[in-house]
Amino acid sequence: MHDEVAAPRPVSLALLAVQTLNGLQLGILLFLIAAGLTLTFGVMNFVNLAHGVQYMVGAYLAAMFASLTGGFWSALALTLPTALAFGLALEFLVFRWLYDRDHLSQILATFGVILFMNQGVKTIWGAAPLSVPMPDALSGSVALMPGLLFPVYRLALIAVGLATGLALYLVINHTRVGMLIRAGATNAAMVSALGVDIRRLFMLVFGFGAMLAGFAGAMVAPILSVEPGMGDNLLILAFVVIVIGGIGSIRGAFLAALMVGLIDTLGRAFGAQMLRVALAPAAANQTGRALAPMLIYILMAAVLFHRPSGLFPVTR
Amino acid sequence: MTMRSQTPAILLFAGLALFPFVARFGAQAYLLTLGARTLILALAALSLDFLVGQGALISFGHAAYLGIGAYAVVLASMAGINDLLAQALIAVAAAALFAALTGYVSLRATGVYYIMSTLAFGQMLYFLFVSLSALGGDDGYTLSSRSRLFGEPRLTSDFAFYYLCLAALALAYVMLTRICGSRFGRVLNAIRQNPLRARALGFRPFPSRLAACLIAGAIAAVAGALLANQSEFVAPAFMSWQRSGELLVMTILGGVGSLWGAVLGAIIYLALEEALSLLTDQTHVLIGPLLIVVAIFGRRGLAGALAPKASGSAA
Amino acid sequence: MSPPLLHIEGLAKSFGALAVTDDVSFSVGEGRLVALIGPNGAGKTTLIDQLSGAVQSDAGRIRFAGLDISGLDMSARARLGLVRSFQIAAVLPEYSALENVALAVQARSGSSFRFFGSAAREEELNAPARAALKRVGLLARADDPAGELSHGEKRSLEIAIALALRPRLMLFDEPFAGLGSEETRAGVELIRALKSEFTMLLVEHDMDAVFALADEIGVLVNGRLIAWGAPEAIRANERVRSAYLGEETLA
């Protein structure tokens, strides 16, 4: 892509709407991944670098089951329990030995998991990206506005994500389990002292977070390429989300995920054009291209500067 | 520090000094190249160990300094400055600036928030260099030759370059060990052991931590300058978060706090990776579980296992 | 009459809806030893936290040596000479007893931004450190890691650290908690010997120790100061007795 000194394209409302929806979709995806991560962090004080692997595994499982059964829905139905099982296996083999340890050991171990899994999927399925068929019912585009066509599948993703968010909110705030989780996030020792089996709670939180991430991976598989390492960059984004939102807070993760999704998408789409207000077109393009991927990190730094514990910190 | 507790370090450096002669019996050029690269990454890991082990500052963006040092060489050579020492000075200055600016934000946060903050800044720098097409962007920049040393192209010899890297590593090790034992080192260490106590004594954590970031960043930038010379090629991938993660892994593997442990950790990690790659292209399938096992069972890393008395934090 | 070293006005702190300290005002004259007593949960530790800067007050002012220090953080107050010791001894576990005290000496003498000289070899630091350890009877343990000291020894180390800091005002947070009677007796003697060196504010439960040491006593109940005066006056004070003894009628 070379620098173009062209007349600025008018930003149509339709284009803005499409990119906003794309941003929302990215945000929802990030939320599904970040939700499990923020709970793991918040309740178990566990640095889980391997969370992106859960997402990747979900996508690969969906691809595998789809090729076996031939359909998306059956693949999804099979993926969820398998992803959960995988997450629990990981918890049993690796994580539960590290709950009491310092962050450094956890970083070391989960980094090892990333290395192993990224290589593992490459060995089993090869390095080339896999594809997952889009379900017929959700394929195609719908006209939301005159001139605004948006893929049905992405709309479905947004809807599912919002529904999941709502369900999570209800569970966390209106059920007994949710109360235990919230209590665990503020004071795990106290919860344990009250007679709750903290190990079981950890396992529950962890397994559920893993399943959510796997679910996200499966849902996204038809529209993204399923390849080794696909979870790595999303993991970083998920960390950015939970840090902005406040570790341990689902509400924070939700808001932060939407913010990050929107800012990243809109910044990449319109950043250069917005800068043309102040800079010459060539400079605006160059700066826009440089700044766009940095925007969310600038956001995170700004949030940390004013709120060193995120927007909705769970006070311990 | 007593001589006894320095024995492992002395043995390690002696071994490293003898390595080129041993390498003669094998594929010398390949081994010297590998050796130099290992020394350079060991230097970066050493600086990270200082940050983590003395300052309790877990940086997930330390590779940014490798990138700063490497690109300093690129920019300097584009401006006609080819002497390595001059380039290293520029690298150190740039690193200090970056450390100061980012430290001002990052050090407001604690715990995981700090870790993520360092990651964010590392990523920012990474994306910045990816977007700089004048420097090759994502594809990187190829240097026309290695830097000159005192006016002459002395670094073209792999032999000479290896010993330069070793000298840098040894110098950094001695320097950091002395800093650990100094007044400054005591305060930094005290802040790590018990921040409340340190404040109750009248020490403000921020200046000491910032100084530690500056020192560690400067050393890693020197490593970056050497890295640029070693590969005669510089790319933004030098400062990816994966590279930062690897540096942390080397440091943790070696045992945080002993300084020489980080060197050992780097050597073991890279040697293992290289050795395994000769047997199979599935190296990570083996290294991954190894890291997991070390994390679970090796509480004090390699240094702690091999020489427990010499691996405590240098007081 | 010289102005008091420490002057507190209307100090208050609430955690949520609970007012832990409420409109506390008093003065501590230079060279005096003041003790703060009160039932559990009266807010004594919170008050120490507010005075030392560990906790930000919601209201009130603190004047120390003529300066308004209400806005200063803990390290700034420590540098001015307002030092606290901790109820749960906060020593540096990996450092030896000597190194712990030497660091305190370092805090008061010269720059800590020296990067290359060996601090372990500085007699300027070690000599006063040894002297302080000797005074508290810990010289024999000088080279042992502070984390390995017994509870009583850690307490003594805290006092050695305090000595090395040469504070103007020392805040003691329950210095005798968890000590046996022999150790308490030794601790009381030590603190009594220190009375001539710096001003002290003591929070304590051990009544014998308090009455043996204090020049003045303040009584804190439910976050409010209900009485202040010389030990004998406090001992006889009706409100104090009922606060401690509940609704028992005084025979």
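Going in written order, the chains are labelled A, B and C, and every chain counts its residues from 1.
Basically, contacts are C-beta pairs under 8 Å (C-beta built on N, C-alpha and C of every residue); 3 or more make two chains touch, one makes a residue touch a chain.
This one's a predicted model, so the numbers in the text were calculated from it and none came from an experiment.
Chain centres defined as mean CA positions place B nearest to the mean of all protein CA atoms. Chain centres were defined as the mean of their Cα atoms; on that basis the chain farthest from subunit C turns out to be A. We define each chain's centre as the mean of its Cα atoms; on that basis subunit B and subunit C are separated by 44 Å. For the pair subunit A and subunit C, the distance between C-alpha centroids works out to 50 Å. Averaging C-alpha coordinates per chain places the centre of subunit A 31 Å away from that of subunit B. By the touch criterion given at the top, residues 178-179, 181-187, 189-190, 193-194, 196-204, 207-208, 211, 312-313, 315 of subunit B touch subunit C in their complex.
For subunit A in complex with subunit B, the residues that touch the partner chain are 41, 47, 49, 94, 97-98, 101, 103-109, 111-120, 123, 232, 236, 239-240, 243, 247, 286, 289-290, 293-294, 297-298, 300-301, 304-305, 308-310. Residue ranges on subunit B touching subunit A, taken from their complex, read 52, 58, 105-106, 108-113, 115-117, 119-121, 123-124, 127-128, 130-132, 241-242, 245, 248-249, 252-253, 256, 282-285, 287-292, 294-296, 299. The residues of subunit C lying in touch with subunit B in their complex are 52, 54, 73-76, 78-79, 83-84, 86, 90-95, 99, 102-104, 106-108, 111-120, 122, 161, 165.
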